[in-house]
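Here the structure comes first, spelled out in structure tokens, and everything after it is commentary.
Order of writing sets the labels: A, B, C and D. Residues in every chain begin at 1.
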Amino acid sequence: MPMNVEQARKVFERVTEAIISHKEYLTELDSAIGDADHGINMSRGFTKAQEKIKAGAYTEVGGVFKDVAMTLMGSVGGASGPLYGTLFMRMSMKFGTKQEVDSADFVEAFEEGLKGILALGKAQLEDKTMVDALTPALEAMKAAASNGEDLPAVLEKGIASAEEGMKRTIPLVAKKGRASYLGERSAGHQDPGATSTFLILSAMLEGLRE
Amino acid sequence: MKKLMNKVDDIVVESLAGLEAAHCDLVKLHPSIKAVLRADAPNCKVAVISGGGSGHEPLHGGFVGFGMLDAACPGEVFTSPTPDQMYEAAKAVQGGKGVLFIVKNYTGDVMNFQMAADMLAGEGIPVAQVVIDDDVAVQDSLYTAGRRGVGGTVLAEKIVGAMAELGASLDEVKAVCEKVNANVRTMGMALTSCAVPAAGKPTFDLPEDEMEIGIGIHGEPGRKRMKMMSAKEIVEMMAGAIVNDLPFSEGDEVVAFVNGMGGTPLIELYLLYNDLVKFLDAKKIRIARKLVGNYITSLEMQGFSITLLKLDSQLKALWDYPVHTPALRWGK
Amino acid sequence: MKKLMNKVDDIVVESLAGLEAAHCDLVKLHPSIKAVLRADAPNCKVAVISGGGSGHEPLHGGFVGFGMLDAACPGEVFTSPTPDQMYEAAKAVQGGKGVLFIVKNYTGDVMNFQMAADMLAGEGIPVAQVVIDDDVAVQDSLYTAGRRGVGGTVLAEKIVGAMAELGASLDEVKAVCEKVNANVRTMGMALTSCAVPAAGKPTFDLPEDEMEIGIGIHGEPGRKRMKMMSAKEIVEMMAGAIVNDLPFSEGDEVVAFVNGMGGTPLIELYLLYNDLVKFLDAKKIRIARKLVGNYITSLEMQGFSITLLKLDSQLKALWDYPVHTPALRWGK
Amino acid sequence: MPMNVEQARKVFERVTEAIISHKEYLTELDSAIGDADHGINMSRGFTKAQEKIKAGAYTEVGGVFKDVAMTLMGSVGGASGPLYGTLFMRMSMKFGTKQEVDSADFVEAFEEGLKGILALGKAQLEDKTMVDALTPALEAMKAAASNGEDLPAVLEKGIASAEEGMKRTIPLVAKKGRASYLGERSAGHQDPGATSTFLILSAMLEGLRE
């Protein structure tokens, strides 16, 4: 089961809902080790992105991803805006003119997206950032896709690994982002960006399955 | 959390409208994006532009005007602005001699300014950037996000703005900004947390007898929590860390900057300045210039920061150069 | 209550020492009593002197300098100064053309200034007094203490200081002060209480969803307690009361002064100013001059006041006259 | 039993102790309807006055009262400084060069003092000020003194009436002083100045009785 334009729209509809309904939760996490705005930033961005793609007419999946990316970059601000913007922008570029993307396309694009995030943010694994959820998610999805599993099944694997990665951020001492200023005090708290990554992937699957 | 506001999402734009209304002789808002522009821009000089999350007022919008910034790009409260803001602001105020971005070292700010710089460079507009990272509370390392940009930013904007006003080239303006950054150190502390309006409650709780040392300007917790101490002890601890860091030594001339975090009354800031004078006197570090007040804030947070900038004759002359902005004015 | 201080009894003197250290080009402390004197006094002009309890910084010490006050006499926090302070300060700065006391209307201030005036008159030094009572929140009556002196005091000190600087006689200076007082009205509100340092805890408690309307500048409770409202509604209520009181009418030109109580961030003050502009626009009252910031405060209290002063050409010219003090500066 | 210089010194020693030990209480009362400093002001003033008269050498009762008055005027500030300063200053003037004062002298002087307070503060009875304690105290002392009672007995009557006057301030709406700005909201609170008047008179009697 590949993802077409309509499904891509659904996917971001669910992502937007998930982000909005976890706005307080993400902000709470960011209060502990950041500046208490991650949920606010992400909600603002996805609300705008949602308006944009709802009104847009698309023939390619990449078009939906591109509008999401542009809107996030132009409205989220902070660290997460450029990072998630880059993820979806790179994905959109990789999707090219495809009207449908299958699991292999998706994983390939996701890998490109993650590369973009790494190039921009220069975080390494265990720096306690979204990268700690994105990287294991990519690995798991890659394995599943190369086994020929379809997109929902691939995403399911990715979500499970993202969740583990997200939880593994708890004991880490942050090396990148605002939490790094806390030094040792950042340990014992779950990273907000890793959490939003998990939420986004989960909501994507939900949207796909409808 | 009580705030004097209307809709929480409109705080930044309504406050900007107030700034423009109050200071229309000095600043004007960009017609389409959130940016405070110098009223008489563009000028045939290097355009100096800064920006960052809101909630630090008067930084940066209050520093737009003669001898300081040409544009300021405010994000949402404590959230970096987006690249289109810096891009459009630069296009509106640059006069052909290039653009300098003064960026506070936060991951979000750095990335968003970088994207704007790329966009401008793509159009052939010369852009340089200096990232301010003066916070001694944060351990510096190649492998971390590095030090934050805090109080030193105010001094950099003043001095760099003067340099640009004098007609220096982009390279020269950038070099002065780097010199300021290399010679400035800051440390902050807080007695209370602030509350991000959209979050609706204080970012952290601080017991009645404790303080956060090494706080930034975003209501983020500091490096450590300590029992309250006297003003003198706090000043000695903070100024001591600053002096050892650069280091500042006997005979140095400095700008001494005691900055309130927004909710600290002036009576306390001057009292702290008095303790700082004593501390520096004992170390034979001479205060050649000073600034005392609320200039880079964290909403209604109670607390303060100390910034020291080592001066040479160039920096001193640039500091004394006339400035006329909503929040800083002399010589004009 | 957390304060940045050393010994609670030393707050005022240590803060004054900091003020002097930071602004020794403008002010000096009296050698024996608590008073901030203009550094270049005495001048051959009418000496303008004010004073009152501390905790309202920058009022009054921050307004000593060219074109404003010749001396400020600070009492303990929220406590009127004593007659010997005004007496000695006047002797130190008066240059033979007489002394004007600008007194905020509080029983203690009025009595203590009166005693000092009697002492000076006894020595043949001409003294005049003007009592500022601009607070519309207080019902005026012959049988009560009358209205409080609040935000209008700042505007009076600026304008009267200019008049004295221009060489006017004591009678003329006094007349201008009375004119300002007759044409200025203020109203204040608070979101939080402040804590008097020696008392050690907030003067009153205010629930999370309530505000005090008609507050003074001493942490005293206001005239009534109300549920929180939007900035726009608060501004309309307060500015409405002010406009109706004088009354201000269509076509009037005013100084619009939005003043923070010490703990209110600038982002909110500009937002409030924006609402005030809209309110006055609708009433066709023209803002000819403005002032936005923390100028007459109540320690760390969150809240603000609105002051309107009806201008004529004389007051406008005096407002624009150069001023150079620690807290207010233009034209020099 | 008249009051001599040594007793006058004792009297103010007790007054100072009473004011200091009621510092929080008086400040508390002033928080409710004023600016939370009456106890602080009075303690500061009487502590200074106490130091002054401890170090002073006096041959006349009026000398003690004068130094107290001058110190209060020069250190209390606020409304209460000039008012209590005037009370004791006028009393000292009335005592003249007397080395001892009896109950008639005391009451005569107290009447002068109260006149001074009324002239300076322009408060009337029931304006919710110290005058509401001082006035009935004077009336009661006058009556007792004209019956030939001695100073302790006279003061005892004064204290009882001052206490009643103090309590009668509770329901009043303030017309003078800072509390007047509260309008109707000032009702239901006891006036701080009337309270300090009662405390001062009580402590004076204690000092006299030693």
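Criterion: a contact is a pair of C-beta atoms (placed from the backbone, for glycine too) under 8 Å apart; a residue touches a chain by one contact, two chains touch by 3 or more.
Please read all numbers here as calculations on a predicted model, not as lab measurements.
Separation of chain A from chain D in touch steps, taking the shortest path, is 3.
Distance between chain centres (mean CA atoms), chain C to chain D: 32 Å. Computed centre separation for the pair chain B/chain D is 54 angstrom, with centres defined by C-alpha atoms. Chain B and chain C have CA centres that are 29 Å apart.
Among all residues of chain A, none touch two or more other chains. Chain contacts: chain B has residues 77 touching two or more partner chains. Taken as a graph of touching chains, this assembly forms an open line, each chain in contact only with its neighbours along the path. All chain pairs in contact, by the document's touch criterion: A-B, B-C, C-D. Interface of chain D with chain C (complex): residues 27, 31-37, 40-41, 44, 73-83, 120-121, 124, 175-178, 180-183, 185. Remark: chain C residues 53, 75-84, 106-108, 111-112, 114-115, 135, 137-139, 143-145, 148, 196, 198-199, 203-204, 216, 218-221, 223-224 touch chain D in the complex. Here chain C touches chain B in the complex through residues 1-6, 11-12, 14-19, 21-22, 54-55, 57-58, 62, 77, 191-192, 208-209, 211, 228, 230-232, 234, 262-275, 277, 290, 292, 294, 297, 299-300, 302, 304, 329-330, going by the rule given at the top.
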